[in-house]
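Note that subunit A is present in both complexes that follow, paired respectively with subunit B and with subunit C.
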Partner chain A sequence: MDGFGGTILRINLETGDIERTATPPDLARGWMGARGFIAKTLYDEVPRDADPLGPDNLFIMAPGVITGSFAPCGSKIGFGCISPATNGHADSNMGGMLGAEVKYAGYDMVIFERVSAEPVYLVIDDENVEIRPAGDYWGMGSLDLEKRMKEDLGEDFQIATIGPAGENGVVFSCITHDFGRQAGRCGVGAVMGSKKVKAIAVRGTRSLPVRDLPALTKSTYDIIQRTKTHPLMEPWQKYGTALFVGWANEHGCFPTKNFQTTFHEHWESISGERLAEEVLVTHKACFGCWMNCGKYSVAKIPGKPDTYVEGPEYETIALCGGSCGMKDIHHVAYANWLCDNLGLDTMSAGNTIGFAMECYEKGIITKEDLDGHELKWGDIDDFENVVRMIAERRGIGEALSYGTKGAAERLGRGTLAFASQAKGMEFSGYDTRWYWAQLLSYCTADIGAHHNRSWAITADVQIGQDTWKGKAPVVIYLQHIRPLFDTWCCCRLFWGELDVTPEEHVDTIHHLTGWDVTMEECMLVSEKIWNLTRAHYLERNGGPGRKFDVAPARHLDEPIPDGPAEGHKVGRENFERMLDDYYYNRGWDHEGHPTREVLDILGLPDVADNLESVGLLGEPIEGGVPKVRGERLKPKAM
Partner chain B sequence: MTIYLRSGGKLKAHLKPDVDQYTRRLVVDGNPTLREILDDLGIPHAYVAFAFAGGTFRRLDYRPSDGETITLQPPVSGG
Partner chain C sequence: MKIKVKKENCTGCRLCQQICAITRFGEINPKKASIAIVPHFPEPGIFEPKLCTQCGVCFKECPEGAIHKEGDAYVIHEDECTNCGVCVEACPFDVMFTHAEVPTPIMCNLCQKCTEVCNTGALTLVE
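Moving on, here comes the complex of A and B:
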């Protein structure tokens, strides 16, 4: 099958059995890889009452249809499971080199079942697959381990690892690869750790079958020539995503001191410009990319060894930086390294530690809870102490290891009101009180609050802030187009920043596979996946769906106290109106349940039957579901 | 004096390029700031994350020189 590796690998960690099956063509065309493969497999195979950290959960690694081609950005690989943070579908992807290597080894999906009795790591060397004991590796930091495994196995293996946090089941543990690329969100590292899988090492030396290589070569060459001279290439190469720090502060969405406010008075000291001036060592790229948006830095802090890290990116600067009150880019880089080596998502870690800092400020967490340490805003030593406690689930770190929602539930005392999360996953680096579409994005996302599902900040600016009207269709469009890149499994930056159109990616898929595929079809696949993961979430968590699409009290009720966005908040009534509009435009009922009509349109009648059997099928919408779907839903505002 | 503004992505449509697909040539009076130039073009400041000229970051209070090319970076789409 052109464009695909051709094989699905299934690893039973309990028995050691390794099964290979051919990738079904209808799976490939119908679900397109990565997020799609993960969603379909989890829905079909994981029992609805499976404990995310128990043996019945699956842990899946899957590249997408574009991964491994030399077309733009074909670098990514997805990981999926039922999330221990949200108890719903999870997929998280990373760049680097691993995705291409998995494809070249001949695999489209690797499914880990059950739990190993002892720590292990998986070695994939083309058709040779082995489960090996990982006793010597267990307990090592992610970055330390990758270095060690390169020495043990050879430089031509691509390695993905978890750190101690994943071994210990911290719900925001990540998977690290290429010394700084992460599948960060949803706690995928915790599920990998729950199965006692410490690392995955892959070497692939086969060719990827391509239907029309001359056409693929020409279209890729054209894109290379165009983007090399694109005006935005140079600033991207110089600053990476950190270039956004100034704008976020000046326009009132930079999370500061646990989202207490949105303007950090010391933002310039942790900005992209400061990164370039003080810590940057070199730039770094993923497979098949010439943007080099990755930044490799060195943190130099008196009393600590010089520490090399990939980053910090905007999200890490926002959440380990602004939300923790940091004032020094070296401290942010060091915090980045701590999270990476411990195996923690910097976004959820920074958000959770900022939350803990506010709890300390309020006297809810004390020095006694922190083994005699303090937890002051902007203090890197305090940050280091608590992040290690979290990774080890020691003392107060045990409560914090559940993320902000889980910690708030354990601490009580009104702390849930200032936990910036949705469905148990922490907000990424944007305050939403002046960006209502972004709040809607966070609260309706299937995996919890993640901007990658829908980044609606500029939509708020274009449509108008302080209004709920017109926001829902934009969010829905973004929730289809952005996760499409997680399905194709390629980086979306060339589309988002360098004017490479999604239609050009569709052409790439056509040249790779020979499919007569259209943008409309791809958008419907993305919408189908969205509805499937919604149904899965409802079947696992019960209803009504509306009770899960809730916003944190801080973002609804507390006006921003100062700065450029002073006075703004969303308000409960406005949020509920946006949610009503969102459900209607999705073809869901008032409780947020997909209707049979929309599921039939998307080719999911069996899912409708399943929802009906548990009383969660949406009530028919008077007048029928909106007829505008997929690409045609793209609002004029975009 | 003459300056050249370049951009891409969502900002390109507002810039109305006339030199190539990314670049707009402007003749301006006096020595305005980038902020003032954006106001004259009707481009909201919020649409510009920052400016880039001479290989480095510039704020909107920067005053371009005659013949200078300024890249306008829109807010990035998350990262």
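Moving on, here comes the complex of A and C:
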């Protein structure tokens, strides 16, 4: 099948059985890979009462239709499972080199079932697949292990690892690859660890079948030549995502001291410019990308070893930096390395540690909880102490290992009010009190508060801030188009930053597969996945759905105390209006339950039956059959 | 005419390998490229592109006389090559590549396509 590896690999970790099946063409066309394959497989196969860290959950690795092809940055690969952070559908993806390697080995999805009796790692060497004992790999840091495995297996293997946090079930554990690329969110590393899989090593030497290589080559070649001179090419190459630190501060959305405020007075000392001046070692690209937004850095701090890591990215700077009150780019880079090697998502870890710092400031967490250490804003030694406690789930680290929501439930004392999370997953690095569409994005996202589902900050600016009106349709549009890139598995930055149109990506898919595919079809696939993961969440967690789409009190009630966004807040009434508008425009009911009318249009009648059988199928609001689908609200967005 | 390698500019994106294999074999398969990108990570954290320098050692060592100079580049004549591997062993820069599906070693023929897609100045054409 053109454009695909051709094989789905299913590995039973309990029995050691390895099964290969041909990738079904209707799965490929109907779900397009990665996020789509993962959503469909999880929905069809995981029992609704399965413990996310138990044997009945699945752990899935899947590239997408564009991965590994000569298309603009076809680097991505998705990882999926039921999330231990949200108890819902999870998919998280990474760039780097792994996705392409999996396709060249001939695979479109690798499904891990059950739990291994002993720690293992998986080696995929083209058609040869082997489960091997992990031995002393178990317990190693993610980055340390990748180095070791490159020495043991060879440089030409691409390797994904988990760190101690993933072994220990910290719910925001990540999967690391290429010395600093992560599938960071949703706790996919914890589920990999629960299966006792320490690492996956892949080498693929086959050619990817393509329907029309000359057309594909010409298309990409032309896009390369056109974008080389794009005005945003140079800043992205120089600073990567960190260039956004200044903008976020100037626009009052930079999380500072656990989102207490949105402007960091020391932002210039942790900016992209400072990164380039002080810690940058080399610019680093993902597979097939000529924008090289990856920054590989070294942190040099007196009394600590020099540490090399890819990053810090904007999100890491915002959450390990701003939200923890850091003032030194070396400290942020060191925090980045700590999280990476321990196997923790820098976003949720930074957010959670900022939350813990505020608890310490308020006297809710004390030195006794911290092995005698303090937990002061901006103190890298305190950060190191607590992040290690989290990875080991020791002392206060046990409560914090559940993220801000889980920690707040254990700590009590009103801490949930300043836990910046939705559905149990921490906010990305954008405050929302002046960016209401972003708050709606976080709170309605299927996987929890992750900006990759919908990054609506610039849409908020375009539509007008301090209003609920007009926000819901844009959020829905973004929730369809942005995750589409995680389904196709190419980087969305060429669209968001370099004006490569979605239609050009669709043309690429046409050249790759021969499908007579349109953007309209792709958006329908994305909306189908969105409704499926919503249904899956409801079937697992019960109803009413609205009770899960809630915003933290801080972001509703507390005006921003200072900075460019001083005085702004969302307010509960405004949030509820946005939510009403959101459900209406999705064609769901007032409680956020999908309706048969919508599910039928999307080709999911069986899902409507399932929802009906558990009393969670909605009746559409009058006049509220989806209006957004097909319309092209195209805000400039990342 | 030669291709100049400036390794400190390489970001490891592998576009050069992709266009190389596409141009030579009409296939998407960087493993069939005549360029290597050797990453040196985690330390010191640099990429090392390795590409034929047209030094001619392979030409001198080939026992079959299958390597010929054509213009600025040495090229292997497939019908004369026995895939004995002498040139691969002799290459002082480890830039004679092999792939199980390709009947001869794979070497750069100076088609220059890699320099056209490289966006960082790691690979440039010099007279």
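One rule holds for everything that comes next: the second predicted complex is superposed on the first by the 623 of 638 C-alpha atoms of A that agree within 3 Å, B and C clash if a C-alpha of one lies under 4 Å from a C-alpha of the other, contacts with A are read in each partner's own complex, and residues count from 1 in each chain.
Quick note on the criterion: a residue touches a chain if its C-beta (ideal position, glycine included) is under 8 Å from a C-beta of that chain, and two chains touch if they have at least 3 such contacts.
None of these values were measured; they are calculated from a predicted model.
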With the two structures laid over each other on chain A, which partner does A:W290 touch: subunit B (first), subunit C (second), both, or neither?
-> second
Which partner does A:E313 contact after superposing on A: first (subunit B), second (subunit C), both, neither?
-> first
Can A:V386 be said to touch subunit B (first), subunit C (second), both, or neither?
-> neither
Give one of first, second, both or neither to describe whether A:I224 is in contact with subunit B, with subunit C, with both, or with none.
-> second
Subunit A: partner with more touched residues, subunit B or subunit C = C
Determine, under the contact definition given at the top, whether A:K147 touches first (subunit B), second (subunit C), both, or neither.
-> second
Please indicate which partner A:E273 is in contact with in the superposed arrangement: first for subunit B, second for subunit C, both, or neither.
-> first
Pick one for A:Y104: touches subunit B only (first), subunit C only (second), both, or neither.
-> second
Can you list the residues on subunit C that touch subunit A in the complex?
-> 8, 11-15, 18-19, 21-22, 25-32, 38-39, 41-47, 99-101, 116-120
Of all residues in subunit B, which touch subunit A in the complex?
-> 6-10, 12, 22-23, 44, 46-50, 52, 55, 57, 59, 71, 73-79
Spell out the part of subunit A that touches subunit B in their complex, as residue ranges.
-> 230-232, 234-235, 238-241, 243-244, 246-247, 251, 272-273, 293, 313-315, 428, 430, 451-452, 455, 457-458, 461, 492-493, 496-499
Write out the stretch or stretches of subunit A touching subunit C in their complex.
-> 68-70, 97, 100, 104, 143, 146-147, 155, 178-179, 204-208, 210, 213, 217, 221, 224-225, 228, 233, 237, 281-292, 294, 296, 298, 308-309
